[in-house]
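Shared between the two complexes below is chain A, which has chain B as its partner in the first and chain C in the second.
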Partner chain A sequence: MKMRKEQQVFVVSFLAPAFFLYTAFVAFPSVRALLYSLQKWDGLSIPEWVGLRNFYDLFGDSDLFVAALQHNLILMAFGGCFTLLLSLFFAALLHRRVRGATLFRVTFFFPNVISSVAISLLWVLLYSTTDFGVINGCLELIQRALVSANGHLSAWGLPQLPVIPFDLPFPFAGTKYLIYSIVPMIIWMSTGFYMVLFLAAMENIPETFYEAATLDGATEFRKFWHITLPLIREVLTVGLVFLVIGCLKLFDAVWIMENQWPQKESHVLATVLYQKVFTEYNVGYGSAVAVLLFVLVFLSTLLTLRLSRKEAIEY
Partner chain B sequence: MVSAIKSIVTYTILVVWLAAVVMPLVWVITNSLRSSQEIFRNPFGAPWLITGSPYVDEPTVPAPVQAVKENYQKAWVESHFSRYFANSVLVTTASLIGVLVLSAMASYALARFEFRGNRAIFLYFLSGLMIPAQLVLVPLFFQFTYLSRAGSWLLRPLGFELQLHDSFFGLIVIYIALSLPFTILVLTGFFKSLPGTLREAGIMDGCSEYGVFWFIMLPLSRPGLVTAAILNFLGIWNEYLFALVLINTPDKKTLPLGLASVSMQAQYRTDWGLMFAGFVIVMVPTLLVHLVLQRQLTRGITVGALKG
Partner chain C sequence: MTGCDAIHRIPASVSQERVVEVAMFDAGYGINWQQKIAEKYTAEHAAEGIRVRVWGDQRVAEIVKPRILRGDPPEIIVITNIPMWLLVRAGKAYPFDSALDKPAYGADAPWRDTFIPGTLDTFSSGGKVYAIPGAFGAWCCWYDAKQFREHGWSVPKTWAQFDSLCDQIKAAGIAPIAFQGKYPYYAWSTYISLVQRCGGVAAINRINQIEPGAFSHPDAVWAARLLQDSAVKHFEPGAMAMTHTESQLEFVGGRAALIFCGVWLENEMKKSTPPGFEMRTFTVPAVEGGKGNPRLFNGQGGEFLFVPADSRHPDLALDFCRYLISPLNAASQGATSGAISPIKGGTKRETLSPALQSAMDMIEGAPGIFTERLTFLFVQWGDQNLVPAMSQLLRGEITPEAFCQRLDDGLTQIREHPVPGSPIPDYRPYDSAKFGESP
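Up next is the complex of A and B:
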């Protein structure tokens, strides 16, 4: 269909502002980042082309980048997996028409709308080794109970219970353990979001499927495994993509919990990027990190989508 | 019997997680109602505001009501949270209006008109969903320098200076640009679901294309706009990285930046009451929006995920 002149003017005038802004401030800078990553530049003098030297440096020069990448993978492996499993579990529980489901749904979502800066500061307090540290406080109570129980058990000649194998209070938010300590925080703050996502998908499944399964005498677990899970597969994949991207891009938590000065033991990709560019003025190196971050996001999205497209079920 | 046990187990699990989520937040709120001395003596006690202060005779310990007033006054006035709050409101509102207007226009054109390159332009916008903000951060930082210079040179005859670094304008432009892909995705889907005959009817009655958009399509797309607005609001209100890089002047800080620096000072001075009051000021707006508009928020998440 050919548009009239008037319509052409309309379409162009409506598309142009967004197109221009997006091109100038998203698409163009993305290409620039690629070019920066091939240069050696301190942000002031004339940049020098160095080819793939920056990428070579990422892996060869020091092991900072590799360590940071490893930390992102740790976050993904532990934080991502547990978030996914826990949110799926909660969604399945609420899907069975629990009374007060709205209350749980709304409340579980709370941490997701709170500023990540506030959440990181709050968790520093929760992990604290001072009187504020609830987590250390609870562990100390448990430890004391275990030790006293062991005293009784040994009096009776019974085998001992395992005790917490480290000294309390434990510096959870210290540089050395920071990455592992962020894992529970990630689970705490994102489970609600993914639960809402999966629950919405589950509610689209026709009730008749479950009725038929009930007539055939299927247990709750088999219904979940054979009906719910296959039918929300697409949304599950999307959730997985979101989680992977989120763990790759993580910045705020490390930055805040490390008082804006992460060490090698606590760096993630985004903080390496920031520190290289804005405190060491090594723009090329920082941009190479950014480009690799993009490549990782891109590949994991593509891979996950490809894997899920195979057998989408229509109903 | 079995089902009773089942539901007890279900509720136990749900309530445990509920407590894990809510208790830290309740702790923040109650501690914002207590004086620093009170918090120091017991970080987890009930506020003396409710139980009554055991130190009524000691002049160094402030009365409970006084403590609440002091915390919030210190946060709001002395620590400039009023300023940060106003800055965040300004930046978020301007960015939201900008991104909604631009995305609505572009989405309408993409959803309702067939022309060569339509699909390509849509995909071009969508490709932005894959670009992590960190990728554009560094180039934008340097791009702003020469854009400011060029803009100032153009605007100087009119008596204007263009400043993108350390300015709300720069921050707003970035927030709009980065929010475009997602918003266009949501709104294009929405405009496609509206009946096309409405436009024809409007044209028949002598409305221009602009009139159809403004008087017919825009009011009809309000649910979609609300959904997009909430999701963007949450993202922009809490955004930290770009504000950290671009804003230097203390007076121009947004809430996340302000909270980070105030909380560091407050901990150094062990002014716990002030710090918790700051937490509350940052948390309350988004929590309220979530509570009031949670239905639209949930729908937005689903729409975004299913189409994305």
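Up next is the complex of A and C:
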């Protein structure tokens, strides 16, 4: 059916702003980035066409890119998985109406209203090796208590308790351990958001399903496994995609905790990109990282969606 | 009166005003001194319609980089986190030579001759000077004289004495050395100082001339061993996870007794230093059996200023630089900003704090200065080779030999794959004999 002219004007006038904004701020820069990735350019002189050389350099010239990618995968594997499991666990608990559910919901969601930069700075202080470091402070208290207890135990001829097996204060935020130290931060920061997401999906499940399962003698775990999980699968998939994208694009935590100076042991893909372009003025190399990051995000999202593609379950 | 009226009624002389915009790094030294000098210069040139506007920011590089790229830069920019050699190669930096040959403000000599020898070399190439120092930087070890007196410690003259001092400090329950571990670059200046102490300026020449095996030379490996030994034994626990602010707070808080840093430390920590803290410096101690003259120190210009080629008023910019960094205004620099002037004899001791006076003792007693130039020349080498290798060396995870080999490997890459059209700038080697060292 053909649209009338007024309808066409109506449709175009609604689509045009979004179209122009998307073209100007997403499509055009993306195409430019793709072109830059095929050039050697310092941002000042005339760009030189080098074909796929920048992509070759990513893998051949230095292992920086591979190291950064590994770090993203570590964050995804540990940070992503724990976040998913914990948020599911808490959502299930709140769904089953534990006491103080609203308070827990607000408390868990709270980190989401704080900017990621502020959160990173907060964790820098938590991990600090100076007197400000709460975590090291607690560990030192524990260590002292263990040593003191061991003194008494040995006097009584009893076996010793194990003590903390590393020197304190431990450099959690040091370059070498930074990636692993970011994992708890990601979990703390993200769990609340996914919990709310999953909880919203769980609250759409009719109560009658659970009542029927209870009459059949199903345990809480079986109800979760056979009713809750299948019925929130679509939302779960969305959450998984968000987590994968978030872990691949992670930038601010590393950038802040490394004081704008990440090293190979702490780089992730986004910090490599930034450092190459804005510190070393290697725009071509940085753009190649950006292109590969886009491809990785795209493929990961596609894979996640494909793996979880099943027909919606209806009871 | 409406806004439009106001615009129409601007006097002709004001509308023809020429503004010299100066972008500064607002950190350790602040920008008060530059602003005061700018006001004075503006007042003196009011009739010509010249106005100097100084602004500063800790992230000045991020602000000016896009402006440099789009051809609309400030007239004068401080070099901090700006790849200067890239700008020089791209023809984006204005040479200072025409101004350097003019008489200096406050002296009869040409401006060029008033600088501390060697400080104009950092950004010189092809006989031209592309940046001038806005301050003078020297690398030294800081301590609290009061704490030393109370414990009966004395300033070490040799590295063995330094090592023994650290043991005494540790025995007193204080961490010997605070370190800015988040920035392993901070150990680089100490390392370069030790290279000179071990191998003399000849070893520095080998590095600056990018000679094959410059770092694998026994003198450079020896220096790496001394540094690693000191780091592993004497760095404050947890130092490798500390920022410069955290570690410097540990020092002024008395929890660590020593810290290696530049002469800006006192001004940077002014607000956090407790009353009674007697901040003083000593130079990197001599190494027993080393070839280097221990009176030399690792120093160079700092807070370099350059005039972008796209500046609207390059001549005015050069003139203001000549006015700012001059014998006429040098004395007020130390008093206002706590910085040492790069002008020869320009800093008056009586205007300085006791901490900076102790730094002046080191500076005035030295027959010369030395510095390395690789980190300015090869930013990528610094990021990819030096920093990770230094970090591992300090944590004791690689041997000094492996550390030096990694630095050499990075330089081999640079030699084998030079950037087309970007020759390595000239280098005037240090003269061992002139510096009191045997060649």
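Everything below uses one rule, namely that the second predicted complex is superposed on the first by the 301 of 315 C-alpha atoms of A that agree within 3 Å, B and C clash if a C-alpha of one lies under 4 Å from a C-alpha of the other, contacts with A are read in each partner's own complex, and residues count from 1 in each chain.
Methods note: a contact is a pair of C-beta atoms (placed from the backbone, for glycine too) under 8 Å apart; a residue touches a chain by one contact, two chains touch by 3 or more.
Just so we're clear, the structure is a prediction, and the values are computed from it rather than from any experiment.
When the two complexes are overlaid on their common chain A, residue A:P17 makes contact with chain B while staying clear of chain C. Of the two partner chains, neither chain B nor chain C is touched by A:F65.
In the superposed pair of complexes, A:I245 makes contact with chain B only, with no contact to chain C. When both complexes are overlaid on chain A, the residue A:G43 reaches chain B and chain C alike. When the shared chain is aligned, no partner comes close enough to touch A:F224: not chain B, not chain C.
In the superposition on chain A, no contact is made by A:F78 with either chain B or chain C. Judged by the touch definition given at the top, the superposed model places A:F278 against both chain B and chain C.
In the superposition on chain A, A:F55 contacts neither chain B nor chain C. For chain A, the partner with contacts to more residues, out of chain B and chain C, is B.
Applying the stated contact rule after C-alpha superposition, one finds that A:Y210 touches neither chain B nor chain C.
Overlap of the chain B and chain C interfaces on chain A comprises residues 43, 131, 259, 278. Per the touch definition, chain B reaches chain A in the complex via residues 7, 10-11, 13-14, 17-18, 20-22, 24-25, 27-28, 43-44, 102-103, 105-106, 108-110, 113-115, 121, 124-125, 127-128, 130-143, 173-174, 176-178, 180-181, 184, 209-210, 213, 234, 237-238, 240-241, 244-245, 255-257, 259-260, 263-264, 279, 282-283, 286-287, 289-291, 294, 297-298, 301-302, 305-306, 308. Interface of chain A with chain B (complex): residues 1, 3, 6-8, 10-11, 14-15, 17-19, 21-22, 24-30, 32-33, 36, 43, 90, 93-94, 96, 98, 103-111, 113-118, 121-122, 126, 131-132, 134, 188, 191-193, 196-197, 200-201, 234-235, 238-239, 242, 245, 248-249, 251-252, 255-256, 259, 269-270, 273-274, 277-278, 283, 286-287, 290-291, 293-294, 297-298, 301.
Taken together, the chain C residues at the contact with chain A in this complex read 62, 65, 68-69, 81, 83, 86-87, 89-90, 92, 181-184, 237-243, 246, 249-250, 255, 379-380, 383-384, 387-388, 391, 395.
Across the complex, chain A meets chain C through its residues 42-45, 62, 64, 127-131, 133, 136, 167-176, 258-259, 261, 263-265, 275, 278-282.
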